[in-house]
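Below you'll find the structures, each written out as structure tokens.
In the two complexes that follow, chain A is the common piece, with chain B as its partner first and chain C second.
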Partner chain A sequence: MAVVNIRNVSVSYGDQQVLNSVSLTMESGKFIAVLGPSGCGKTTLLRVVAGFSEYSGSVEIDGKAYDAIPPHKRNIGIVFQDYALFPHRSVEENIAFGLRLRRISRADIEQKVTQLLDLLQLQALRSRYPSQLSGGQRQRVAIARALAVDPKVLLLDEPLSALDKKLREEMQVELRQLQQRVGITTMFVTHDQEEALALADKVVVMNKGNIGQVGTPSEVYARPRSRFVADFIGKSNVFEATLDKSEGDALVCKLAGGETVRIARSGEVRSGQEIHFFVRPEQLVLCKPESPAADGAKLAGIVRHVVYKGSNESIHIELAGSKMVEAQVVQSRGWNIGDAVVVGWNANDALILAE
Partner chain B sequence: MGIGQRLGWPLLFLLPAAIVIGFFFFTMSIMVRISVAPNLGPAQIGDGFTSDNYIQFFGSTFYLGYLFRSLWLAAYCTLITAVLGYTLAYFIHRSGRRTRVLVGALLVIQFFTAYVIRTYAVMLVIGKTGILNRSLLGAGIIERPLALLFTETGVAIGMILVSLPFMVFPIVASLQSIPPNVEMAAASLGASNTRIFWTVIVPLTMPGIAAGIVVVYLFELTSYIVPGVLGGGYVDMIANLIYAKAMQSFDHPFAAAAAMVTLLVSGLTVYLLQKFFRLVTPRT
Partner chain C sequence: MWRRKHIGVKIAGYVLLLLLAIPLIVLVGVSLNPGVEQIFPPQGISLRWYYNLANRSGFIGALQLTLILAVGSTIVSTTIGLLVGIALTRFEFWGKDLILTLILSPLIVPQVVVGMAFLVTLSGLGVVSSLLSLSLLHCVITLPFTARAVVSALATSSRSLEEAAQSLGATPARAFLSVTLPIVSPGVIAAAIFAFVTSFENFTASQFLVWDRTTLPVELYNYVQTESDPPAAALSSLILLPVVLFVVVFNRFIAQHMFSGRL
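Presenting the complex of A and B:
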């Protein structure tokens, strides 16, 4: 098990800055998800750690600088997005590839390979070739191959993105259990926020080569620091407002249209300050115009769109000034398009965005 | 009638191919026939059957020498072409887009320039006052010009240069088909660049190497213009012998027999090469 310290790593291609002074610590044995939209530099970050990319800054593993160590001497396992199995080698030979490069006896190689075949339930496929495997099976082989050499760190580049939804969810559980059993420090790259939240001990949200926020899944979900994080992790309704005064545990502020709303109090704020705050769709409370509303707000709107999602419903509502918000309701009261509705929230569910 | 109508059109499209193949077998059968006909003097082909032409060919070290020289020359030239071709293909594959397009274009132009012109171009390079000798002399590497023209070395250089594109194109194609992350995966497992080259890249490009070697070997074995122009009569290969017999001595039966032998030897070589490459090409 190993601790990885990434310090001020920058990468540019030509005049395009792909990573912008990224710093990150991976604690020993932890599962870290790097989450960000396509093109934000996730793969580049993996390549830096593995030594495949030129960079400035430093990568340290267990206190030792790795910057001058070539990729083949780093002992870092990678599972690529396309798995990159050796097409001319059987499952068994793929897994044994790294072992054969080391001074290990035949018997020990055999034993290690069998152990990994068992761990990843690949026994029946041991003499198949990659072209004879399904996507999920290839992925298992890629993981087994990477784990075979007992790497210090395991890097996974969107390994589940090629699988269909059901298989993906099964593999998420398996991957997490596997990582815990092996206890290896793991960096998992994904653009799927649900996946990141479901799997990781720690989520790193990236945007355009910068790290937006680092925290546990519940931290980044419940307390996003920026509008980008709030939007990228789950959905959110962001409002602009001007602060008026504080009142007990709440802050009173005015929306652009003049409506007075109450939001959760946080940190140092001044009266007259322009702020952004957000409310998650599942925390918006919808009522009929005449019934009592939630304590935070009472905004009149009209239902414009209803999306049925099985266990819940998404209601899209137009507020004053054509602002659209989305509410997620579990048990539908039978909202129809065109209904007049009052949108509210509990003051402590409306949170200020720091940036 | 229904089936006839349904199959009629596609069959019509096959007609040109059928004509070409039919014509090939027709002329081949004439050649087979002539190769066992008695030679009754210049340009006179007898009616009977005889094995004299073949006996004459196999019974003479002079004639067999042409065959063996050609086999040997083609063999080592193919090997050198393969090494050079692989190096060039690897360079093309590795270099940036601009270099790749440029080198590729040069090869394609080379490829589509008339064979004879290319051969004369090689002559200008390796001649006594050619570019090669002038630069070597200029650099002080040699004191007297190298005699390359009208020697086996000259012919070999010519054959290699002229057949290089046949080797490079299929190898580049197979290099391009290697999944891009495979090399990185090998490195992450501890393989050095040399190791990756021999355990991953070479095996995965074996189909390209095989295609290149078979085509180039046949091409070089049956070379006619290159030894004709660059050998100047001193380094004749089997095709030159056949041509001289057919068009200068007008001994058509003997020429036909020599051609048949060459054809069979080529066929056998291709068969053996295919077998060999099937053995060394990893399954996928």
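Presenting the complex of A and C:
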């Protein structure tokens, strides 16, 4: 088990700053998800830790500086996005590759390989070649190969993105269980927020080479600090408003169209300040006009679009000033396109975005 | 409908093959005649004219020179091709495209021009035609095949394979040797065979640089200028041999392994 400290790491290609002074700690045995849109620098961050990318700043593992250590001496397991299995070697030979480089006796190699084949349920495939495996099997081989040399840290680059939805969900559970059983400090990068929330002990949200927010899955979901994080993790309806006054536990503010709404109180704010706040789609409350609305707001709108999703329905509503919002409702009241609707929320579900 | 089209394509293919093969079959047939007449089908099978060839020192000498050139230029151009291929695909430097274009240019420039250019340049430098100048020429002619094969093989072999090997403890050199080389080697072997055949059968450019020793294709050309008898057919058949070998090896070995990713 190892603690990884990434300090002020910057990477640029030409004039493009790909990582911008990124600092991050990976606690021993924890599963960390780096989440961000494609092109934000996730793969580059993994390559920095593995030693494949030039960078400024420092990477420390268990207190030791790794910056001058070449990749082959770092002992960091990495599973590439394309798995990078050696095509001319069988499953068994792929897994044994790192062990064979290490002057380990044949019997010990055999034993370790068998143990990993068991761990990842690959026994039946041991003499197959990568071209004869499915995507999920390839991924398991790549993980087994990386774990074979008992690395200090395991890095996974979008490990599930090549799999279809059903397999992806199965593998999520498997991956998490495996990581806990092996107890290895793991960083995995993904652009899929559901995956990050489902798997990780800690989520690191990245945007354009910067870390936007670090926190537990529930923290980043419930208390996003920026508009980017709010938008990227789950859907959200963001409003611009001007603060008026505080009233008990709530803040009263005015939307651009002049409507008065109430939102949750937070931090230091002053009257007249321009702010952004957001409400999750599942926290919007829809009512027919004239019926009692929620305490936070009472905004008139028209249903423009209804998407049926099986267990729930998503209703797209146009408010005054052609602002579109999305509400998620569990049990349909039978909203139809063109219906007049009142959109509201409970004041403590509408949260200010700090940045 | 589809089936009939399929058969049509097949028939057209066989006719084409036959058209290509008939002159070659006739050639080999003629060379097997026991008599001096050039007739087909041969009136019996005899290796008389091959023995006859073997007794002419000119042909034997030409065969020696041709083999030396072919083997030498194959080794040199495969080695250079490998180094250039690694440099072009693994490192970033200025003028990459220019270098590749230069290396590939003998494929586009007519062989007559290549031969002429060598002749003019070398005599300008005071170098008379010799084994050295012919060797240089053959390396230049064969390099496009090897360099191109290596570049395309290395470009398609994913960089992350070597990095994966390194993350498992292999030095960069070890990673290249144990991961990339086995993957690209079928393509490189195919290119080497191609280079060998290209050198072996080259006539157009070589004729400019032969001196009192000639290569087999040039010798054949000189010979049929004055005579046209079964030894010429026997000689032509001999030149065919490596080409046929090439086709067989190419089909049996390379085509099978080049695309499966497994050795």
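Please note the rule applied: the second predicted complex is superposed on the first by the 355 of 355 C-alpha atoms of A that agree within 3 Å, B and C clash if a C-alpha of one lies under 4 Å from a C-alpha of the other, contacts with A are read in each partner's own complex, and residues count from 1 in each chain.
Here is the rule we go by: a contact is a pair of C-beta atoms (placed from the backbone, for glycine too) under 8 Å apart; a residue touches a chain by one contact, two chains touch by 3 or more.
The structure presented is a predicted model; accordingly, all values stated were derived computationally and were not measured.
Taken together through their common chain A, the two structures put chain B and chain C in a clash.
By the touch criterion defined above, A:G98 reaches both chain B and chain C.
In the superposition on chain A, A:V113 contacts neither chain B nor chain C. Using the contact criterion defined above for the overlaid structures, shared-chain residue A:V34 touches neither chain B nor chain C, since it reaches no partner. In the superposed model, A:F80 makes contact with both chain B and chain C. Touching of chain A by both chain B and chain C, each in its own complex, is seen for residues 50, 52, 70-78, 80-82, 84-88, 97-98, 101-102, 129-131, 145-146, 148-149. Across the complex, chain A meets chain C through its residues 50, 52, 70-78, 80-82, 84-88, 97-98, 101-102, 129-131, 145-146, 148-149.
Considering their complex, residues 158, 160-161, 163-172, 174-175, 179, 182-183, 260-263 of chain C touch chain A.
Of all the residues in chain B, the ones that touch chain A in their complex are 179-182, 184-193, 195, 200, 203-204, 282-284. Every residue of chain A that touches chain B in the complex is listed here, in rising order: 50, 52, 70-78, 80-82, 84-89, 97-98, 101-102, 129-131, 142, 145-146, 148-149.
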